[in-house]
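First chain A sits with chain B, and in the next complex the same chain sits with chain C.
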Partner chain A sequence: MNIATLIFYVLGFVVQASALTVAVSKNLVRSIFMFFVTLFALAGLYVYALADFVAVTQIVVYVGGVLVLMLFAFMLSNREVLNNLQERNSRFFSIQKVPAILVAVLFLLILVNAIIKADVDNMAWIKISAQNNNVIQPADNMVPNMGVNLMTRYLLPFEAVSILLMMALIGAAHLARKEEHKFQ
Partner chain B sequence: MITLTNFLLIGAGLFAIGIYMVLAKRNAIQVLIGIEFILNAAILNLVAFGKYDKLYNSGQTFALFAIVLAGAAAAVALAIILNVYKQYKTIDPNKVEKLKD
Partner chain C sequence: MQPKQNYLNFYLIYIAVGLGLFGFSAVFALFGVYAERKVSAFIQDRLGPTETGKFGLLQTVADIVKLLQKELITPAAADKLLFALAPFIIFIAVYLGFAVMPWGPGLVPVSLNLGLFYFFAIVSIETLGILMAGWGSNNKYSMLGAMRSVAQVISYEIPAGFALISVVMIAQTLDLQQIATQQGILSTETTKFLGFLDVSHIGGILSWNIFRAPHLMVAFVIYFIASLAECNRAPFDIPEAESELVAGFHTEYTGLRFGFVFLAEYSMMFLVSMLGVILFLGAWNTPLPNIGVVQLANWTTGWGWGILWVSVKALALVGVQMWIRWTLPRFRVDQLMDLCWKVLTPLAFACMVISGLWRLLLM
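And now, the complex of A and B:
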């Protein structure tokens, strides 16, 4: 086992462990900061899948955008949001959560079973892709190719996403504005 | 050797944790974090398979689209959560049960 494989397993473990910490943590702010750790470790895993541009985008959009937005949403909203989160889950938490744990564990078993049965490393199109030298190598620079593809082959989804982003921007600004008479 | 199966197994674990958070959490912001976990598991799978498409980069391109959509969804969801708090004084999804008051 060389050092790269070791780092990969460490990153995978960090993803799982920090996601579990987020899931079981009672303190909301702590779970958000552990969410940071999960996202950074996931960006590292994207680098291992040779998708460095996606990794950088993950850090910029999630850590720079979504998490700061979540933190601001607390701090700008009422302080009671933070308070009434923490008092509630003091007792009987395990009994109420048994169905959710059951569903999640069963889903995990089904997924793991399906992944192992599918034997993805020996699938036909992956073999063909490896034969045709169509696999990204670690030394390749994929960013120019991605830019060209984004502007030619994937132009329609690109434009659709741009329109949807503008709709989301207008919608979020409309929802978050301060106007009292809207709710009466 | 890092194989595709390793990526998919990590994604499966993340997906299960996201499902648990969406079902069990009694706080809309933590439910939102669970949805982000599910989206990230999907993005991890896209990126892992995208390694085998050097010519068109389909996996990585759609991973980018998914990241952008997740960001937009988080912004709208947080705005909705703030509005729900303004009206109901709670963000427990179990207590928000009226469409109109």
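And now, the complex of A and C:
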């Protein structure tokens, strides 16, 4: 086993172990910080898929943005509410957990089924691409490729997403605005 | 056996480079603090440290020795794990930023084709470390300091980001080493001074990015102001405003942990200055142009000169940071946000638009 494979498995282990800790931990703030470990290790796995742009974007968007916002939401909320949230039913199995367990098991079944049916090693389009030498090398610079594709082939979805974000921003600004008549 | 030997050398070089950069940031922090105290003393008409060593040169060395011996105090109500980890996360985030910084022609720890984007991502982890310190301390001053710091850093990332994008639009690459190479005589494409005069073989100060496209001067000023805010330095030091918050997010830290917070702050100062130099002020290229037979630019380009130029320029910017800190009073929160959202962000947008037009029409 060479070093690259070893690091891959270490990263995979870290992702799963930290994700499990996030779900199990009783301390909500520690959960959020543990989520940072999950996201960071996941970015490492993206690098192994030669998607380094996605890896770096993941860190910018999730670590620099989403996680910090989650922490902010946490710190600005009421301590009483948080304490109620943190008080848990310590029994391993209870009737309230049945729906969650059901959804989790079904989702696992779907995932396993999809992975088995996809048969990744023998997919037609992958074989054709490999035959035509249409593959990415580790040293390739994918940024221009991505930019050109975003501005040509995927322009409509790109613009649709930007309009969605714009709507969210306008909505947030409207909600945050003070009502004028209150001061009269 | 041979390939294994090569692998070993490969990793040994990386480890040596890593240790070298760590040593550099430690030494820089030591003498940065000394310089800060001397500069502040000069500006306030005092003497500063004079007793320890010649001109007080050993003062900060003595300080760090004292700091290393101090007890690590953890407040009883703190979240022990988060409290202990935070200073290291803050420092590592800054330290990892050095990985993509070019020091001279062919002299860069990792030449990444995503360099600038990587830098932006890895430095943003620092905010998480600050929140961790603030929350972990379980102290209201730390908490307020951390929240102010994060609010400020996130707001100022927007004008800084647009200022950086306007450079990238001119340079057409995210690789910091390529951006550096373009601004001197080693460039493989034609470099134009102010968009009309071909200076590919003259080089020097004329081919720096701020002179290749003059609107980048505005972008540089925006970037520099935003970088002050990202280092939490005066006039943007409301996160550690002594008169209100004791010392902000690092109020509870002692000993080595406090040392790491300090190390991170000074490394960050150097790092953002170095990035400013690389993007706007010609990176490791010489400021001296070729004039006829006096080939000043050719004589003063090389990896040794590269390290010298990039260090001198970055240290000059650090000097300006110190000068500003001891000259200007602290902003109020509302003034800080007004400056960011109403002045810097629109200006940075304008820079980006001009960059696009410049690239299309003049290059």
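The definition used in the following text is that the second predicted complex is superposed on the first by the 151 of 184 C-alpha atoms of A that agree within 3 Å, B and C clash if a C-alpha of one lies under 4 Å from a C-alpha of the other, contacts with A are read in each partner's own complex, and residues count from 1 in each chain.
Please note the rule applied: a residue touches a chain if its C-beta (ideal position, glycine included) is under 8 Å from a C-beta of that chain, and two chains touch if they have at least 3 such contacts.
Just so you know, these numbers come straight off a predicted model, no measurement behind them.
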First (chain B), second (chain C), both or neither touched by A:F35: first
Touched partner set for A:I170, first chain B, second chain C, both or neither: neither
Partner chain in contact with A:N141 - chain B first, chain C second, else both or neither: second
Chain A: partner with more touched residues, chain B or chain C: B
Contacts of A:F53 with chain B and chain C, given as first, second, both or neither: both
Chain B versus chain C as contact partner of A:L6, first or second or both or neither: neither
First (chain B), second (chain C), both or neither touched by A:M151: neither
First (chain B), second (chain C), both or neither touched by A:M75: second
Contact residues common to both interfaces of chain A (with chain B and with chain C): 53, 57, 65
Complex interface listing, chain B residues touching chain A: 1-10, 12-21, 23-24, 26-27, 29-30, 32-34, 36-37, 40, 43-44, 47-48, 50-65, 67-76, 78-83, 85-87, 89-92
Chain C-touching residues of chain A, taken from the complex the two chains share: 27, 29-30, 33, 36, 52-53, 56-57, 59-60, 63-65, 67-68, 71-72, 75, 141, 143
Contact set on chain A toward chain B in their complex: 4-5, 8, 12, 15-16, 19-20, 22-23, 28, 31-32, 35, 38-39, 42, 45-46, 48-51, 53-54, 57-58, 61-62, 65-66, 69-70, 73-74, 77-78, 80-81, 84-85, 88-89, 96-97, 99-101, 103-105, 107-108, 111-112, 115-116, 119-121, 125-126, 129-130, 133-136, 140, 142, 145-146, 149-150, 153-154, 157-158, 161, 164-165, 168-169, 171-172, 175-176, 183
Residue ranges of chain C in contact with chain A within the complex: 79, 81-82, 112-114, 117-118, 120-122, 124-125, 127-128, 131-132, 135, 143, 147, 150, 154, 157, 174
